[in-house]
Amino acid sequence: MYTFETKTRVTYQDTDRMGYSYYGNYPTYYEIGRTELFRSLGMPYKFFEDNGIMMPVLSMSVKYIKPAYYDDILTIKTYLKELPSARIKFDYEIFNTDGKLINIGDTVLVFVDGTTKKPIRAPEILINEIEKYFI
Amino acid sequence: MYTFETKTRVTYQDTDRMGYSYYGNYPTYYEIGRTELFRSLGMPYKFFEDNGIMMPVLSMSVKYIKPAYYDDILTIKTYLKELPSARIKFDYEIFNTDGKLINIGDTVLVFVDGTTKKPIRAPEILINEIEKYFI
Amino acid sequence: MYTFETKTRVTYQDTDRMGYSYYGNYPTYYEIGRTELFRSLGMPYKFFEDNGIMMPVLSMSVKYIKPAYYDDILTIKTYLKELPSARIKFDYEIFNTDGKLINIGDTVLVFVDGTTKKPIRAPEILINEIEKYFI
Amino acid sequence: MYTFETKTRVTYQDTDRMGYSYYGNYPTYYEIGRTELFRSLGMPYKFFEDNGIMMPVLSMSVKYIKPAYYDDILTIKTYLKELPSARIKFDYEIFNTDGKLINIGDTVLVFVDGTTKKPIRAPEILINEIEKYFI
């Protein structure tokens, strides 16, 4: 398993008239989580796209446990629990400033050739890098 | 079962650098779907909030089948397949301009007293209205 | 002068914890306004991009007169007051459900060759179409 | 004059199909700028709202000089060039990773009593804190 933690702050833009961070912001929080996980592996997400590999999202599930409020600093914990194949699955846990778990989710992304738009296998370089954490 | 159909257009703001509508926009499309379903029942979502009832989202799941592109008119089909109790579940199907199914999802919302923030039962007036469609 | 009117509804996503549509949504409302103005001329914005012409925004100014609220239907009135040259300027007025003027703004866009990224003159076909309204 | 600098990263969510950070994201970047300026003065924006003072935006102007791209780290420099009275004006400069100036803007906010929604003077405590930098 490989895991990485990053933080983001709830902006005014994020809030809705309930005073909560809008439920539709969590996909963006997840994006921030996996982006920083990729960067921590030395392979920024941008690196894949610059090499003609796209990673559209196939599916997502989200459980909303507690609301996030304006100006909260959220801790996003992102997990790679399985080696990527044609797909790559990320699990997420989001914690509020008090360290309380407020949100759980996962996303499955697929590797796609940017030119042909056809699914491809995960790049060797990524698998090799992640494998180190899966013994 | 009760179902309602509405349309929305993919804005430039919605697009990402893949040229797709960003995966995090679908929760907003779902929000538009259930808002118009409520309105079609004669009970706009605003009506509940004005009467002290909030409906935060408890969970969501999303399947991304095909991308949506800039300027596409999306058809959002929203389904109420079960009578609401303490919770209300919506199912969604999104179709592109060619009538192709591009996205499937669902959200579960919970009824909450706006003042005490405690869960409450679905309002009678809503259940009565929906029951007509569940014989 | 050429003018076109379109409508958009304030979503829950748009609201902030003041209960207003967030001030940063107005650029998107303006985008909707000019998109529909272009469409009304028989030349959707997409048409320009499909023909290798991009129109990034050079400048914007916004005056916030009154707030917009959740579920309000906004009327966006978009004006072309000058013939486009290397640039094209749009003026906007936004009205709420009561017909009250709530927002005024303008944006200046520049025509750019999508390949070279160099500024170009407005396409003849667009000038010809607009000129009809400027006698 | 008082100035404060903060950083933000361009997310995938921010990008549009031109590959740029969407022009409508800059109000959010400005919000981040002034939020961190307030925090640096020991008076988080939240502090004002918790004390019944709201600060809606009255006007905004934006000049787009160069695009921001996916994954760029933007430096937002926020300036208070005048003492606040009934209004408070912020100037912004945004720089890309190469230190190039890519965007200039300003916003004027008004102090409002959260209950009566009437304009009020800037709180003494804020003026006193800022005055130190204006000799």
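We call the chains A, B, C and D, going by the order they appear; numbering starts again at 1 in every chain.
Operating definition for what follows: contacts are C-beta pairs under 8 Å (C-beta built on N, C-alpha and C of every residue); 3 or more make two chains touch, one makes a residue touch a chain.
The model shown is predicted, which means the values in this text are computed figures rather than measured ones.
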Touching both chain A and chain B (chains): C, D
Reference chain D; chain at largest CA-centroid distance: B
Length of the line joining the C-alpha centres of chain A and chain C, rounded to whole Å: 34
Between chain C and chain B, distance of the C-alpha-averaged centres to the nearest whole Å: 28
Multi-partner residues of chain D (each touching 2 or more other chains): 12-13, 17-18, 24, 27-28, 31, 49, 70
Interfacial residue positions of chain A with respect to chain D in the complex: 11-13, 27-28, 31-32, 35, 44-46, 49, 70-71
Touching residues (chain side chain C, partner chain A) in the complex: 12-13, 15-19, 22, 24, 70
Footprint of chain A on chain B - complex, ascending: 17-18, 20, 22-28, 31, 49, 54, 56-64, 67
